[in-house]
Amino acid sequence: MIGLWSVPLLFALPLSLGILSLLVVPAWRPRLIFIGLPLLVAASLDVLAGLATIGPHVYRLGDWAAPLGINLVVDGLAVGMILMTTLVTSLCALYAWVYLRDHPTSTTFFWPLLWFLWAGMNGIWLAEEIFNLYVGLEVMGLAAVGMVALRATPQALAAAMRYLLAALLGSLAYLLGVALLYGAYGTLSMAGLQEVAANNATTQVALALIILGLLLKTALFPLHAWLPPAHGGALTPVSALLSALVIKASFYILLRFWLVLGPEITPEFTAQFLGVLGAGAVFYGGWMAWRQHHLKQLVAYSTVAQIGYLFLFFPLVTNTGPEAQRLAWDGTLMMLIAHALAKAALFLSAGNLILAVGSPQISHLVGISRFRPMSLFSFGLAGVSLMGLPPSGGFTAKWLLLHSAILSGQWWWLIVLFLGGLLSAAYIFKVFRMSFREGPQIDRSVTPPLTLDVTALILASAAILIGLTAHLPLHWLRLGSVFGVS
Amino acid sequence: MILRAILAGLLSLGVIVALGWAVLERPAPVENLPERVASAMPESGVEHPITAVLLNFRSYDTLLEIAVLLLAVVVALALREAQPDRPEQMGLDNPLLRSVMAWLLPLILVVAGFLLWAGSYQPGGAFQAGSVLAAAGVLLRLAGAHLGWLDNAALLRAGLALGLLTFIGIGMVVMLPGVPFLTYPEAHAGTLILAIELTLTLSIGLTLLSLFRLNPPYADDPDDARTQGGPKP
Amino acid sequence: MDWNSLILLGVLATSLVASGVIFLLAESRLVLRTVVNLTAAVLKLVLVGWIVWGVYQAIEYEFRFTIIEGVDFILRADALGIMFVGLSSLLWLFTTIYAIGYLEKAPNRSRFFGFFSLCVASTVGIALAGNLFTFLLFYELLTLSTYPLVVHRGTRESLRAGQVYLYYTLGGGALLLFGVVALHVLIGDTEFVPGGSLAGLDPSLHPMLIIIFLMMVIGLGVKAALFPLHAWLPMAMVAPAPVSALLHAVAVVKAGAFGIARVVYDVYGIEFAQSLGLLMPLAVVASITIIYGSLRALAQTDLKKRLAFSTVSQVSYIVLGISLFGPIGAVGGLMHLLHQGLMKITLFFCAGNYAETLGVHKISELDGAGERMPATSVAFTLGAFGMIGIPPMAGFISKWYLGIGALEAQMNWVLGILILSSLLNAAYFLPILYRIWFRKRDRMWCEGKVLGRFETQASLLFPTLFTAAVALAAGILAGMPFSPLYWAELIVGREYLQ
Amino acid sequence: MPWLDLFLGFTLCVTAGLALIARDMFRAVIMFIVFGLLMAVAWVRLQAPDIALAEAAIGAGLTGVLLLDTLGYLRRPFGSRVDNPDDRS
Amino acid sequence: MSGAISGYLVFAWSGVLLFGLGLFGFIAHRHLLRRLLAFNIMGSGAFLVLVGLAQDGRGVDPVPHAMVITGIVVAVASTALALVVFRRWYRASGRTDLPEDT
């Protein structure tokens, strides 16, 4: 059986390493990455190889078939997310390895949390089962909350508390939706639901609860209030992981639900409504990002804005033609991946800039372009992708979404993409403007260790490169979805 | 404040109405999962269906659930390390309580053991047994009793880790014949599940105990555990 | 993959790789940086020369790979593109030499030259782009790589200019993007084909096509500084002189004008554009810009500002030529793409020389500069004569062809515009020349730099003289093979034969 | 009609309501523990003795004790809680 | 589903009401401990809906039982984590609610 070992390794290995890192002395905790990263990279690649050889398939845990046992789904979408997670998390882990050296010992608890987070995310990407998704969400969510609290400053604790409350409320709404679906259809398997679910009041209410719960976890405007303090205030590698990956997990579950219950059950109104909320996020997040004085808060609000683009998916696939739907699918996934890479790079390079000038204030970046060009260069590359300028993943995504919007005749989304791009340019270049201003003539800034700059640069370059070779990942991502080529 | 209450009231009223509508309009399920469970019971290695679901059919959920429990402990440890608590002498140190405990404790352990063992054919199991263990620990603390081995951070953490590691380990070992993760061979399913439950009980007990604020003190560095404080014997 | 496609990548890579290497070099590695810069520039020139020869012999150069389904990245050398490549790679060499001298001892040179090379790489990409997607890609890259150059000095004023530049170009870029995507929805990947590829579309789509044309021309018009989208250009004058040369002659405004040429000739097709009635409004806008730019230039007291408004006016000659329906006007416009570049870069080099050597920025301070810096002043005079269109200078030939083309297209009013504009050109250039040559300096020059053997640094002087010579030659030797006129006729021959 | 179940459900809601609106935090937590125990009874009525055990031990018991414990933490004067890690008894 | 309402369904309805009550408390209160109480009540409501609805008309179903046990453990872990964070927050700030809570 293909992927026999690699599929369970994707969550079992991080779980084991998470526990092991509790057992070893603090100094040894970071070093476990040198066991974990190669193995997880290998497992991810093996899963990709499995997908390439036999196509989309399910992995039956305990060898029990679907409604009785829990199945894992290995299709293009899941494997794409796994690879994205492996790339981003590995680089963030390398970054953290160096970054946390100067932090108090208590931050070494970052490592067990990281492994649990990773296991939770991989669990979610692979899940085929709606209750299993709930447990996966909890593993990931609590690990993420723990990471936010790690700094243990009053601000961090308040942010973690706020995040935890939002996450708990979201999970409960989701769980109640699951309870209704199980009560009505007697199955938890997505494939099973796809067969039996009908368009009735119970499904509608259950879906509404699930959507609301997941929106809260994804921090879609106007449910975003918890995000900026949590993402902006955490340790830099934590911010990168949360913004790049964690919020994507709940969006991914929404996508899965959409694939299963489909546009037949999602009414036109809901789809347009989600799109409007997305537009609101783009405008409000962009505007707020532009107003920030604190570099990481700016980046965090940029996440609020970028989440909005993902939700244009729903109006663009509901009651539109197959071509427009395919483009919307491609565009949204490209946006998701490009944002993950670019946002991780942006947070890491912002962290480097903050290390260099010793202050999180944007106004203290005056003249830094002269002294720390590399950190700024990564910031710039990532910014290019976020602004949706070519050549970058963000641009390719925007291109596809524009294409889909025009094709489906929903021209109003063009305005969102247009103004959203300009707004993001405004806040990205706000940082650049400051860094180009002539300031002190003497280099007083700290030089961040090379590893920190290199990891940020790799992520930023990946955000650019993925735009140039987009047809390859997009081809894989379609496998096993309704847009897949058989 | 009033506005907030009104808003909350309206929102929850709306949710109740929507839920009620959903419950009323609910279709009759097509899929009959209980039947599937019943027919798969003979292969599960246990006789109690809930244990079969928890530790065989849906054991993956249980695995992740243990991870959730551990996560709470990890965060507690991290925050304790960042802002150390002052050691507190919480024991009542009451001779009467002590003598009662001397009788109660073995009883509690017996109950825990029974719950664990009973889980394979009647209500009970690792979670229930584990929580009883935790209760025993809490009582001991309240009585001011001092369990030396619980103050040993390394040992305690090993205990925390034991359950999940065994679970994953067994899940992996059974794969050797070329079957998926967590596929227990039918002949040994009962034994393997019991082994998992046994270690889980211990770990769950310790985990729940650790969540309690009166838990044994531990510092980040196992060697430092003794000096980090805690009720002195 | 054969050599013919690799050589295109090579042209792109020379400046791209150079830019990467320069970014990584420490600020103090002056010699190495200079070597990398010049090697790349010369290498690129050689490669371009090779391709020019090949295109002349009608060899096909093409490189492509798929980005997403239905969208390819295409580089292709055709006559129009290679003309622009030739111009930018030739001028890059001289601008680099000039900039090395100009920025001697200035801070942030790694950053400057890195972005400078990146900027040229994007220009080459624009020129070689084989479809609208690739064009757009490099067009936006050009915006991004010029921003750091515009704000290079880091003063409040330059940051402000950079911001304005950014808003204009990003807004324009977004409009262009919409136009391109809309075209994609209609006809799929829009490759540049001589004669265009839209003529066969259903007539019901024509209103849509007009809107798309409008969006794309506005998007391109921002960079081409068409009135009323020109405001960023004079503001960007705060940047160092080599950057001005880059903006005005080598890259940015040229990219806009070149893009309009691409859209009119190779996407819509000149005949189809005429039948949609798109050319006349374009000609009107170009004419307004020509007159407006000249009038504003007249009012400037700062030398570089005057030159900047002169660019606003002159670049519109190119657009005017494109919008004249008929081969002769087209030859005039395309030829002016080269002529204007050569003349304007000369003028900016001269302005830079005056500023660097004599500390002179205002026109009123130029009295007697001819005596002090004769060679520079001769170059300036040649450039100015060309701009006015005095025979046999290059500018005259452009205007002559434009005039004939206007008559051919039966747009006689354009002739009036040309004459009026020439008078205005004379009105704002001749007073400068008068001051330079015929007025005496009444006080001492305040000279800052150590000069060496010549009237100014060699690295500032020789590029200036060389570009002036080439501009002169382009006019005098217009009849020779490979002259701008010759090449423009080659392009137009291929466009109008379709 | 299952009157016993109806009564139990009603009592559940009432105790939950009391736990939510109680002025005193301590009383709220006690109400919550009562609520948890009633939940355990409800699980028995739902023929789910496993859940009943878990609810009584974990839901009512452990959660209640954790809450009470935290409450005790809040009740002490604020100043004495700023602990000095070096101050070891 | 016509006729007499089954005992299971009664609990499903109670679950609906409990969820609503809990939601009200969760939003209306600012005191974090009260919000955690409300969260636990909401959770209990959701569990009742899950089991009550699944068993109505079909009899005992072990799958939701197992799910609820999992859910209870997850809830207690979340509560414990929240209490840990809450205590640190209280010690650092002296507050029992979040600032500018919206």
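In order of appearance the chains are A, B, C, D and E, and numbering begins at 1 in each one.
We adopt the following convention: a contact is a pair of C-beta atoms (placed from the backbone, for glycine too) under 8 Å apart; a residue touches a chain by one contact, two chains touch by 3 or more.
Quick caveat, the model's predicted, so the values are computed rather than measured.
Annotation of chain A and chain D: jointly contacted by B, E, touch as defined at the top.
With steps allowed only between chains in touch, the distance from chain A over to chain B comes to 1.
For chain D, the chain with the farthest CA centroid is C. Ranked by C-beta contact pairs, the top interface belongs to chains A-B. Of all chains, the one whose mean C-alpha position sits at the greatest distance from that of chain B is C.
Taking the mean of the C-alpha atoms as each chain's centre, chain C and chain D sit 77 Å apart.
Averaged C-alpha coordinates put the centre of chain C at 68 Å from the centre of chain E. Here the spacing of chain A and chain C, counted between their Cα centres, is 43 Å.
Averaged C-alpha coordinates put the centre of chain B at 73 Å from the centre of chain C. Of all residues in chain D, those touching 2 or more other chains are 50, 54, 58, 62, 66, 70, 73, 83, listed in ascending order. Each of residues 12-13, 17, 19, 21, 24-26, 47, 49, 53, 58, 60, 63, 65, 67, 69-70, 73-74, 76-78, 80-81, 85-88, 91-92 in chain E touches at least two other chains.
Every pair of chains in contact is given here: A-B, A-C, A-E, B-D, B-E, D-E. Those residues of chain A lying in contact with chain B across their complex are 1, 4-5, 7-8, 11-12, 15-16, 18-20, 22-23, 25-26, 59-64, 67-70, 104-109, 112-113, 116, 119-120, 123, 131-132, 135-136, 138-139, 142-143, 145-146, 149-152, 176, 180, 183-187, 192, 196, 198, 200-202, 204-206, 208. Considering their complex, residues 1-2, 4-6, 8-10, 12-13, 16-17, 19-20, 25, 28-29, 32, 35-36, 39, 42-43, 45-48, 50-51, 54-55, 58-59, 62-63, 66-67, 70-71, 73-74, 78, 81-83 of chain D touch chain E. Across the complex, chain E meets chain B through its residues 1, 9, 12-13, 16-17, 19-21, 23-28, 49, 53, 57-63, 65-67, 69-70, 73-74, 76-78, 80-81, 84-85, 87-88, 91-92.
Within the complex, the chain C residues that touch chain A are 23, 66-69, 71, 73, 107-108, 110-111, 136-138, 140-141, 143-144, 147-148, 151-156, 159, 162-163, 166-167, 170-171, 173-174, 177-178, 181-182, 184-185. By the touch criterion given at the top, residues 4-8, 10-11, 13-14, 17-18, 21-22, 24-25, 29, 31, 33-34, 36-38, 40-41, 44, 47-48, 51-52, 55, 60, 65, 68-69, 72-73, 75-76, 79-80, 83, 86-87, 90-91, 94, 96 of chain E touch chain D in their complex.
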